[in-house]
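Two complexes come next, and they have one chain in common, subunit A, joined by subunit B in the first and subunit C in the second.
Up next is the complex of A and B:
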């Protein structure tokens, strides 16, 4: 086995351990923090008996250890429990909503990475020139506009003033003919039915949420790229490339290639941040994804929803991390593994 | 000849300051002044209208001579509420930074050591940073209650990883410098090296990072308020005002949301301005 494959295998074998840690963290998060879910559900003025009944129904009267083991046990079967309020299975609900979230998250990530790389490279290359300084101003400026506010500005301007985009009420127009239901996720169903009209509607609705999250996170990515490109440009390798008389285009390309590892690692961090930012934006656009749904669960004190969301996002982030780590190791011969 | 003086850092700073213009100083001063003015105005500015008691006779008035930023759906004066919010939002962000410094700097110093467990610790920090921390902040405030100290705690947790990483990075690079080598050669204990020789060299870059963290704190506080946490109505906050105003957008009443958003923008910009210029003044650019 090649050393790289062995490294990848080692990281993959560590996955269950990390998932166990995330699951424990999710459990502790909702049990250790003060606050009583039974009161949240039954209301502040519920009688003692009513509270006791709610606790018994939810299994909250059991010992913490018992709750923990039964939670881990059902997790092994892929069961994240049922929502306190709707009674629907958290696993099913998340599986149904994940594709809709991905419609926002993946393009946002793409926007953030492409825009961020462009701004960051310009900033790093023209560091002491007016162009470079204006990119710093641009980055600071974008950082001052949180995604939810950018969403509001875009909605006000492009939906209500100029009427270019559809109103922020979900993925589809009220009049859109839904595809035949197979998986429960409109996106996947439309894809299976090859219903391009529906997919087009989804795309039209997705543009503003994608812009809201993508542009904001591009500023963070741009900072990372600028730092690493600036560093790369002062390495002997670049000096040599210039000494050989390579055109500047080529030099910049080499500088970017040199900084690819730190940039790739940052994508994993960005991905996690993106899961959080898109949740807020999903709420603004009434998008039927997991983020908006989980946020709603958090605000209601729906513990299984909170736990489920923490476990699933944790799993996604961990897997993304492992994939990127292996990718970095494959791309960078200097890293020993 | 290579400079091997223990004062290398400081020599660098003065050399750069002498060669450079005064512009960074001016920038840092402008940013700081702006922030101080915002906070002082939040506490003491004489407001023409009360930020917490509405005028039912003036609902959704567009910006004009009576209400410079208009009024919202309940008849609150938007300008009064935008100004008043600063006295809560900015100190909360700063408080969050302070607590994350208290946690992050010692952990960063520890992680800069040579122990075998530093590598796992850093991986844990990295993983923690990759988690959607804004959701974590929302969970913390929701579950533990809508009080200011819980908001500060949530902010601190969101910002802790960056301080751990920053301090560790600094410690690792300082360990390689000549003056640490010299200190070790004269028989200083690792503890003495860490606290007497390394720690005094990190405040500059920590200060810069603190300002950036405060900017991020403003965004996080606003996000918490936007989803309806961290403040008790009718206490005004920028985030809750944006949320409240979003329902009036279809009627063309943009001012309720846009002005508090601009306040966030200006505040974050001020913190970033301070950070960028401090970096130049102190000569602590990332190496």
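Up next is the complex of A and C:
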């Protein structure tokens, strides 16, 4: 087995341990949150008996330890419990909503990486020229505009004024024929049914939320790329490359290679951030993702929803970091593992 | 006469814009390099020797800028050339080697990939041809097992090996002129000699020329044919190594030679420091540290004056020629 494969395996074997820690954290988080779930469900004026009945139904009359073990037990079976208010399974809800969120998050990051790297490279390469100086204004400008504001401006301009994009009311047109339901997620179902029409409709609806999120995130990549390209261009390595007569595009490529690790790290970090922070854009575009749903759960005090959200997004983030570590190790020959 | 000069540097000036003001790093440097010459440029840190070398290769880093003068390589003016035109010359006709081999090599690309980029910068070659050229170049610089080196990365090499790889890359297109900026400073002493033997050997072999920037006078004595002594961005003395070392005419050269440590003797350093390069002195920049300085020195900048062709010094009160030299 190659050293890299062994390293990857070691990191993967650690995953269950980390998931266990996340699950425990999510459980403790909910128990220390203020408020009584029974009161939440039964209402402020419920009788003592009614409250006791709700508690018994939820298992809240058991000891904390018992609650914890039964929570872990159902977690092992993929059961995240049911929403206090809708009664729907949290696992099903997440399976339905997560792919929709990914339709925004993944392309946004892709747009952000490409756009940010382009802006950052220009800024670093021409840092003493007007072009370079204007990129730093651009970066600060983008960073100063929150994505939801950009989204509202784009909606007003491109949807209501110019009528280029569909109205921000979810992923589909009212007239879209839904694919046969298999997993509950429209995106996955359409994919399984190879229904390109539906996927096309989703894509048309996704452009604006992806653009407004991607442009905002691009500022982070632009900043880190600009810094590392600027630094790299003054190193002996670049001097030697130029001294050997390498064309400038190669010189820039050499400079960009040094920023690869920090770009990858930002992708993983921002991916994690977006899982939690996609809520605002989802609300603006009425997008049926996990962000808006989780936010709703938090505001209502819907504990299983909060718990499920923390566990699932935590798991995804942990996996993303493992992928990041393995990728970084694979791409940089200096890292030994 | 022009054909016999491969490199002509005239009145070269380099300045760095800083917040405190303009630093005049190189203030009018003239010299020629003929085929077969190994010219050593010496001087203490900050005398502008590295800045001169970079200006020749068009590698001056902002905020530095070549503010005047001319660099003619094989009768082609290099100052003011676009990066695109310059890169046709660099690596092909002029090779460049810098101080730290590990700094010069890309840490992420394999040695083979870097070789391929350098080779393809100036000629078309397939992957296989590149590999063959690289293997030959590595063998020429005395690397045993070039196969293994090609497949590896910079961090896996020792300092001496890495510098050999750098030299092989810089010379893969057989440049007529090699510019080397303290190529052995980062290496330990035993390896230094090997590397310098190697480079000067490669230069002599094909009648190439080299400009070697160093602060090590023993390196100049052993490996160079001519020497240019610089002080505060100006040349103060020039001549063959024999002439300059045997009978220095400029008091600075004399002080520099006297400062070379010898076994059994007390180390004699130079007193004082470099003049302010922002508010550059009107007179001789060395006047403040010079035991022979007079009122004239503080008022008027001495020009490079030659007594014998190819030998010059910039001093109002040069040291006398030693009789034994005049005879030789």
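Heads up, the rule we're going with is that the second predicted complex is superposed on the first by the 323 of 337 C-alpha atoms of A that agree within 3 Å, B and C clash if a C-alpha of one lies under 4 Å from a C-alpha of the other, contacts with A are read in each partner's own complex, and residues count from 1 in each chain.
The criterion applied here is as follows: contacts are C-beta pairs under 8 Å (C-beta built on N, C-alpha and C of every residue); 3 or more make two chains touch, one makes a residue touch a chain.
Computed from a predicted structure; not experimentally measured.
*Asks:* Scan A:193 for contacts with subunit B and subunit C and give back first, second, both or neither.
*Replies:* Once the two structures are laid over each other on A, A:193 reaches no partner at all.
*Asks:* Does subunit A have more residues touched by subunit B or by subunit C?
*Replies:* B
*Asks:* Tell me the contact category for A:95 with respect to subunit B and subunit C: first, second, both or neither.
*Replies:* In the superposition, A:95 touches no partner, neither subunit B nor subunit C.
*Asks:* Identify the partner contact of A:322: answer first if only subunit B is touched, second if only subunit C is, both if each is, neither if none is.
*Replies:* neither
*Asks:* Counting only touches as set out at the top, which of subunit B and subunit C does A:313 meet: first, second, both, neither?
*Replies:* Once the two structures are laid over each other on A, A:313 reaches subunit B alone.
*Asks:* Quick one: classify A:254 as touching subunit B (first), subunit C (second), both or neither.
*Replies:* Once the two structures are laid over each other on A, A:254 reaches subunit C alone.
*Asks:* Would you sort A:271 into first (subunit B), second (subunit C), both or neither based on which partner it touches?
*Replies:* The answer is first: A:271 touches subunit B but not subunit C.
*Asks:* Look at A:118 in the shared chain and tell me whether it touches subunit B only, subunit C only, both, or neither; answer first, second, both or neither.
*Replies:* A:118 sits against neither subunit B nor subunit C.
*Asks:* Quick one: is A:140 in contact with subunit B, with subunit C, with both, or with neither? Answer first, second, both or neither.
*Replies:* It touches subunit B, and subunit C stays clear.
*Asks:* Name, in rising order, each residue of subunit C that touches subunit A in their complex.
*Replies:* The touching residues are 54, 57, 59, 61-63, 83-84, 87-92, 95-100, 103-110, 117-118, 121-122, 153, 155, 166, 169-170, 179.
*Asks:* Residue numbers of subunit A touching subunit B in their complex, please.
*Replies:* 18, 29-30, 33-35, 136, 140-141, 143-146, 148-149, 152-153, 155-156, 160-161, 167, 227, 231, 268-269, 271-277, 279-280, 283-284, 294-295, 298-299, 301, 306, 309-310, 313-314, 317-318, 320-321
*Asks:* Quick check on the complex: what are the subunit B residues that touch subunit A?
*Replies:* Of all residues in subunit B, those touching subunit A are 126-127, 129-136, 138-140, 142-145, 215, 219, 222-223, 226-229, 242, 245-246, 249-250, 252, 254, 257-258, 261, 264-269, 272-273, 276, 286-287.
*Asks:* So in the complex, which bits of subunit A are touching subunit C?
*Replies:* Residues 128, 234-237, 239-248, 250, 254, 257-258, 260, 331-334 of subunit A touch subunit C in their complex.
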